[in-house]
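Listed next: structures, encoded as structure tokens.
Each of the next two complexes has chain A plus one other chain: chain B in the first, chain C in the second.
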Partner chain A sequence: MEAGYLPEYGPRVSDQRAERMLGALVCAVVVLLLALIATVFVRAWPSFAHNGLAWFGAGGNVDEQINLIYLSGLGSEPDVYTFHAWQLLWSTFLITGGAVLLALFSSLFVSVFLVEFAPQWMSDVLQPVVRFLASVPSVIYGLLGVLVIVPFIGNHLVTEPQKASVAGVISLSGYSLLAAVLILTVMIAPLMTSIFSDGLRSVRPGWLEGSLALGVNRWRTTWKIAVRTARPAIVAGTVLAVARAIGEAVMLAMVSGSVAFAPNPADGLIFVFEPSRPLAPTIVKNIDLLGSKPANSTLFAIAAVLLLSAATFSLAGWAARRSMSKYGATA
Partner chain B sequence: MESPVTVPPIPAPSPPPSPVRKDAEEGSATWRLSDRVGLAICWGLGLLFCAIAAAIVLYLLVQGIKYLRLEMLFTPATAGFTQAQSGGFSDAFLGTLIVAVMGISLALPAGVGVAVWLVEYGRPAALARVTESTIEAIAGIPSIVLALFGTVIFSSTALGFLSRTSEGVVFGRSFFAASAMLSLVALPLVVASTREGLNAIPQHVREASYAVGKTKIATTRRILLPTARPQVATGAMLGLGRIIGDTAIIVVLLGATQNFAPVEGASFPFDYLRGAGTTLTNFVYEASPTGNLNQPEKAYAAAFVLLLMVLALNGAVDIVHRRARKVGTWSH
Partner chain C sequence: MRKKTFAITAIALLGLVVPASAGAKTLIGSGSVAMQPVLQALFAQYTKLTHGKVKFVYTANGGNAGVKDVQNGASQFAGQARTPLPSDAGTTYIKMFLDGLCIDVNPKNKLANISVQQVHDIYRGLITNWGDIPGSGLTTTIDPVGRDTNGGTYNFFLQAVLNNELPSSNVNALTSDGLVANAVKQDPNAIGYDGLAWQGKGQKALKLNGVPCTASKISVEPLKYPLSRYLFLVVPNAGVSPTLQKFIDWARTSPEAAPTILKAGGVPAFNKKAKR
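Then we have the complex of A and B:
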């Protein structure tokens, strides 16, 4: 090639070397992610293979099943894999769903307030507040939940007859769906608020002015024009919040009650006071069982479900954003 | 007869108009009831957010002042029957600092490198797209899944030198293992922030540098990265906040001991870094009523220290932002 022209040392060569090194770094990060996904699914496979779709079904107590799985891996008898995760899945669904709905509602209003209606002094206060709430470590939320929210629910909201009505099955001590949902809402709402308000700020002012010039008041203009235009940002923020909520392990391990139980909506109002345990905290609580091969596989299967659901939500969010951006809106 | 239309008096020399056109905004008085209810909800929720934040800070401040003793930061935890006997949490405090330094010193160069490659090189385009999705995916992976993955990597015999090994079995739990996985938690934040900073530099700055014969990498090192320093610093501090606040990875990959458990036979820093340990988040988790220690007073004290660290990081981000705005940008 032009080897005769170009110096073998010097700036150009070092530039190429730098590009190659950065490229290698990037490839390493990509390979790391692929390795993670492959490892999780390979490790999880025995658990899925032994249970089939019954893995996702109901039947038996999950905690007892995990215990049996763990013990079978220590002895010489054949490994047991029987695992029916419905109690964990249902708890994850209820807690995540409840928190995301509450957070979506409140974040939408707060971000509209922050961007359009709050007086200057108020938004000067609110903005750092949102950032602060987003940066408080989850274990602090968990601690406050355990020492403040849970005793409050247990002592003041749940009545004695209610406790007695389910006494043989579970204890309503305050570790509950309600505590988990409320605290999780406080954790994910700031995340959503900051993404929503970024979206609302990027709406073209001309569109809003056009609406105002037609005599539509500011409230209606905001909701009909700004919020609709910012829909991709709203979807993006919601997807991120769902991913965070599904993966939240430590705080939920502390306040959800940490028992294998599927809260039953048919129980009426006390349903929200019933304890449970979602998927991610189950891994944290059983982390000492990793040494047993079948238990290891079961925990990785839970991780695989977490990964898959997070991936599904981001794909769905991506599809939704794409279809919306046809109408000129940007995230 | 005076005309019904009153001529407005010639205004006296008015004060200079304020930059915010307050009068141009319509009030809510003319709105329909439903709209006004909506605005009330806005105010209510906004004030609720502030109230929650204030409650968290004030409550932990009160509990922290009540239970935190300075010597707790310098005495290690010991076994004891009461909370007064069980020492402090110096190892947890130190552990948090170690994990923060090690985690960010992995995440910062890697994150800046990835961001530079994405913005300045980015060829082939397919790899750039894959990388962007990868960073997004890493940001979306629950940290407990990262932790489980870490147990697989660091229990492999090839990486046995990073943790405790006994009879050929690699323990796989050490400061090295935890910091490496924590750096993945911080990586997306560093990448996103650095990219934002690099993208904000106008193209003509690069062209001017190329025109005087600088190569791409020299331009990046001498001009682009120094210009983007506020954003790089912001990303690093956001990443630090995530690292010191993470609990799941610590519980799984640091061994969750009460104190440092150095490996015998290794030279000084490595015996501690290869051993298991604890951090403030782990200490709070264990000392809460649902943990193994159940020392709520200590948990409050440690949580207060942790909160102070987070607040300090938040304040630092603010200062960097303000200073960056004062210096100004390239595009006047």
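Then we have the complex of A and C:
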């Protein structure tokens, strides 16, 4: 605001009151956030301290480790903290990565179509639908998975020889990487689509018209000018989607399978049918163990890793957006 | 505007105060999650029976937490699914009713009877094919499903069937009894376990060591069905209020509480037969 507009006697008391109230609220939120982060990390510390970097490594069965940790906290013996989270981390990486990749491609094409090619009436109808889909609670997707997708995969896609080949180690009953990735994609794609479309819509019409006037065809104009200009929005949407995918717990706890198993791409086709359990559902599934001190610390350590990775992604997204924003359109 | 607000507030307050002022007593309890459905049904029936004179507040925070609440006076009674431990000093366990875990398979499975040892072997990953269990008519790989570590069902199964060994990694641990029932219903190769309340909805309960999983078999003393257990109410040794004692006696022994217990998934143990 220009200085000349300010009245010389300064803002009125009531204005100051509003300012201070809002300022205090913001401070309270920041303090709460810091307290939350501090609590999580303080509680998580014993687990990290006992394991060091091996926390993130492979070794042994996570479920057995959690059980030993839990039992050690009930008796009078010294607490056990040995925990190697590799299976959980790998599962989180596979499911989140797969879903984000699939959703990125599909949402990009859907939003390009919605903004640049769809007739007006169609985008008028689809836009609210996409926004609605983005806000559907995840447990509903979980139910859909458990009632439709999981039994379909288990009864129709997995064959008996495949099941027999891993009998006793894991069950290929439909609770699988494939189910988790598919449903997670459906869950995050609307979120990405709605942010991508906002980005594409904010591209300056003059740039597109200029390109068209030069005789560049519509597809090339869209791809080279609109999509390129909207890259900050695409990054922002992807980062939001990654954050939601990493933190998704309820739906994945229902469909991804429940064993701490690291699906192995070397297993061939059955790789996608193998069950696994990412980080967030591990907390949900073991919430009853919080009463044991070492188990409590271990679950908080998982929470700390989730918190940290979400923060890293939002920072990386911010950095990427900043370097791209010189092209114009913003998220 | 202000008058309207006043009026609404007054009505709302009236709604809060009137029932409470009619001489109602509130009994506060906490504890077992496994017991909650039956207790809530009993509470509702008893409140109705006393025309709202006795009300209940029950927090399902787990049996062990509930006993602690009784020890420090925060609760008047606790629900508990396990037998007493030395750490429960100062409390009395009262057997209320019974609970049974059924072993279920898909109706397409021809199996009628299974032994506890076979169930143990399946959940420990030692038997993985229905062909190794005579009578199933299947030669496919078994899909065992169970519960995750949350809740009493898992603990009971772990103690009673697996001798406190962890289930094998091929057991799919689901987050609720309902999801277990659903998984068994949808998968012809599945085997699962859950309580009586979940039976008969697209899954088939097996005889266990030759004893069918039905309410009438579970309640016969000595407990012949291998997976049956008592559920307890825990009260302080220091004394029980007459109102609570009356409720406990009613729920334990009255003929009209029996169908309520049965309907909510428990098995009445001491209730007298209704006179015809």
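By definition in this document, the second predicted complex is superposed on the first by the 310 of 331 C-alpha atoms of A that agree within 3 Å, B and C clash if a C-alpha of one lies under 4 Å from a C-alpha of the other, contacts with A are read in each partner's own complex, and residues count from 1 in each chain.
Here is the rule we go by: contacts are C-beta pairs under 8 Å (C-beta built on N, C-alpha and C of every residue); 3 or more make two chains touch, one makes a residue touch a chain.
The structure presented is a predicted model; accordingly, all values stated were derived computationally and were not measured.
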item: Superposition on chain A - do chain B and chain C clash or fit; value: clash
item: Chain B versus chain C as contact partner of A:Met254, first or second or both or neither; value: both
item: Contacts of A:Leu147 with chain B and chain C, given as first, second, both or neither; value: both
item: Partner chain(s) touched by A:Arg322 [first = chain B, second = chain C, both, neither]; value: neither
item: Partner chain(s) touched by A:Ser106 [first = chain B, second = chain C, both, neither]; value: first
item: Which superposed partner A:Val284 touches (first chain B, second chain C, both, neither); value: both
item: Which superposed partner A:Glu160 touches (first chain B, second chain C, both, neither); value: second
item: Chain B versus chain C, judged by how many residues of chain A each one touches; value: B
item: Partner chain(s) touched by A:Lys224 [first = chain B, second = chain C, both, neither]; value: neither
item: Partner chain(s) touched by A:Arg204 [first = chain B, second = chain C, both, neither]; value: neither
item: From 21-29, 75-83, 111-119 or 147-155, the chain B stretch with C-alpha clashes against chain C; value: 75-83
item: Residues of chain A contacting chain B in one complex and chain C in the other; value: 146-147, 253-254, 258, 284, 287
item: Complex interface listing, chain C residues touching chain A; value: 62, 64-65, 125-126, 128-129, 140-145, 148-151, 166, 168-175, 179, 182-183, 186-190
item: Chain A-facing residues of chain B, complex; value: 20, 25-26, 28, 30-31, 35, 38-39, 41-43, 45-46, 48-50, 52-53, 56-57, 59-60, 110, 113-114, 116-118, 121, 127, 130-131, 134-138, 140-146, 148-149, 151-152, 184, 187, 213-218, 241, 244-248, 251-252, 281, 284-285, 288-290, 296, 299-300, 303, 306-307, 310-311, 313-314, 317-318
item: Parts of chain A lying in touch with chain B, wherever the complex brings them together; value: 11-12, 14-15, 18-19, 22-23, 25-27, 29-30, 32-33, 36, 39-40, 43, 106, 109-110, 112-114, 117-118, 120, 122, 125-126, 128-133, 135-140, 142-144, 146-148, 186, 189-190, 193, 217-220, 223, 240, 243, 246-250, 253-254, 258, 280, 283-284, 287, 290, 299-300, 303, 306-307, 310-311, 314
item: Residues of chain A defined as touching chain C within the complex; value: 61, 63-64, 67, 70, 146-147, 150-151, 154-155, 160, 163-164, 166-175, 253-254, 257-261, 275, 284-289, 291
